[in-house]
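Heads up: the structure comes next, in structure tokens.
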Amino acid sequence: MSLWEYANPKKFTETTARVLPVVVPLAGACLLAGLIWGFFFTPEDYKQGSTVKILFLHVPAAMMAVNAWIMMLVASLVWIVRRHHVSALAAKAAAPVGMTFTLVALVTGALWGQPMWGTWWEWDPRLTSFLILFLFYLGYIALWQAVENPDTAADLTGVLCVVGSVFAVLSRYAVKFWNQGLHQDSTIMKVGEKDPLDPAYYWPLIFCLAGVVLMFVALVLLRTVTEIRLRRLAVIEAREKFE
Amino acid sequence: MIALLLRDLRIAFRAGGGFGLGLAFFLLVAVLVPLGVGPEGGTLARIAPGILWVGALLACLLSLDRIFALDFEDGSLDLLATAPIPLEGVVAVKALAHWLVTGLPLVIAAPVLGVLLHLPEAGYGWLVVSLLLGTPGLSAIGAFGAALTVGLKRGGLLLSLLVLPLYVPTLIFGAELVKRGAAGMAVQVPLLLLAGITLGAAALLPFASALALRINLR
Amino acid sequence: MEFIVSDLAVARGGICVLEGVSLRLAPGQALVLRGPNGIGKTTLMRTLAGLQPALRGTISAPPESIAYAAHADGLKSTLSVAENLGFWAAVHGMAGVEAAMARMNLTDLADRRAANLSAGQKRRLGLARLLVSGRPFWLLDEPTVSLDTASVALFAEVVRAHLASGGAALMATHIDLGLAEAGLLDLTPFKATGAVQAAQGFDEAFA
């Protein structure tokens, strides 16, 4: 029983069909619980008022924006090294999801920043990094769409993802160097340090994070299965044309 | 390899080779920006490093698709791939040729355009140094983008979309180097980081580019 | 010093087109590939030249022994005939540009730019590249396209001389070059039946 068994499209599709009915309700429940708890049953911040509660959307989205790219990097490496088609298709399936999370993080950040900093947009290193990450997603998706042969597309986007990751990290440090920024540091891991996240916010945020992770898993599984079916369709069509 | 370099240079300098186009574009940027921004010397002096760097970057971008596309169309790339020189070497030499034809003229022309933009006097040396260190990196990164998109019909726009995010670190450190140099501040950090990125790109990216070329040729 | 292909399967656009192709080419031998359009001659040639991976099977040849001449000649229109040829000679580390031009009847055109050559002259220049590659196994994909009768005879003579000097040639062509010693290999029996798919190793076939 090896993990690589799930690289078989048929096995992957079957497993997904069994996993999804569990993951989807769980994701919905976590998100609903976290958001309702967070929006209606937590105290308001003494400085930020109720605007602070956008963090229940902003933080999970920002986290997944980065994690989705990391997942794509891992999937691309698996494809390049082990040539599992499902892995390449999973990377392809994750890209629009990750791009959407990036967009959500940017928009919620702007909505939060307006009352807090008095501006919709600030060339803050974190904001700028996310904007650049958005461009990376855009290029990655555009390359997938531009190349006709699916295996060639998988190879090229895989190489782009690996090289792009290196440059994304470089950009992150370059941008930090370029502007010191307004954005507060992440507080979620700062239990016991100064300026910690209010404990009243901690649990609803954890629920939201779990919900978004599960939602990401569900979406990627679903989209990967769709991609597998599209590939299967293409192979069948090509074979019919060939005969 | 030297033969390949000489051939690429010869083609670039002959009629229709596109030599000078990037330079003309660079000049246009330096003329258009003051027309858009207004003639106040103070404003121009402040944005000059950034404008010059963005202009150089776009001028570089303009000719990237020629690095491999022409050789791909006429079959030379197939023949080069079966020739006794490694494809990684082919990529490196072609990126070098691109730099000699596009990047180096930009480096030489930049001080003149700096005058147009009222670049502070202390900045000229650093402008040349930063472009000299940065533009080879732009060519190496650009060659990678060109290798990714070589087989595509409408690759030009996609190439820009892929390459520009990769140019971000070079742009930031390059412009920062000039800015700090012009203001008389310490320049060691951006200088070293800029050189590091270019060296890293020149050393490692040819392998990724050759891989992408092989994928596109099959 | 033999060129041996055994049980080769090649794919175009992810679909297997030829399978079970086996052939041997010893020094001094020539082999002509035949088969209807679209059977996969060019795909086979590109695979043999190492430009694309084979689905199955093995190709064994001494390293750096194959010279490939495709449909496109790889000429630069702004360079002269001598410059084009000189470049390929330099890439392969060979001399003999003058001799190659003389043998392909290009000496009078040496200083003319490739843009101003006729289709047949370009083709002759493309084939002259084989002579400066210094490689024993020639893979020729439709080498006689746009050549006139005299040029075909000239080229046949060059191939014959190459074989006599210990080289070998694999040609995909419909024109009879008049090489009596050339063997014939019809590719029609190797047409893929669809049994072999583009799957790679694992049980990952998509259909």
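Going in written order, the chains are labelled A, B and C, and every chain counts its residues from 1.
Heads up, the rule we're going with is that contacts are C-beta pairs under 8 Å (C-beta built on N, C-alpha and C of every residue); 3 or more make two chains touch, one makes a residue touch a chain.
Bear in mind that the values here come from a model prediction, so they are computed numbers and not experimental data.
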For the pairs A-C and A-B, output the one whose chains share more C-beta pairs in contact.
A-B
Report the chain ID whose CA centroid sits closest to the centroid of the full protein CA set.
B
With chain centres defined as C-alpha means, what is the inter-centre distance between subunit B and subunit C in Å?
37
Just the number, please: Cα centre separation of subunit A and subunit C in whole Å.
49
Inter-chain centre distance, subunit A versus subunit B - centres from mean C-alpha coordinates, in Å
32
Indicate the residues of subunit A shared as contacts by at least two other chains.
none
So which stretches of subunit B touch two or more other chains?
218
Any idea which subunit C residues touch subunit B in the complex?
46, 49-53, 64, 66-68, 70-76, 78-79, 83, 86-88, 90-93, 129
For the subunit C and subunit A complex, residues of the former touching the latter:
13-15, 194, 197-198, 200-204, 206-207
Spell out the part of subunit B that touches subunit A in their complex, as residue ranges.
144, 148-149, 151-152, 154-155, 158, 161-162, 164-166, 168-169, 172-173, 176, 189-190, 193, 197, 205, 208, 211-212, 215-216, 218
Considering only the defined contacts, which subunit A positions touch subunit B in the complex?
132, 135-136, 138-139, 142-143, 146-147, 152, 155-156, 159-160, 162-164, 167-168, 170-171, 173-175, 177-178
Along subunit B, where are the residues that touch subunit C in the complex?
2-4, 7, 10-11, 14-17, 71, 73-76, 78-85, 217-218
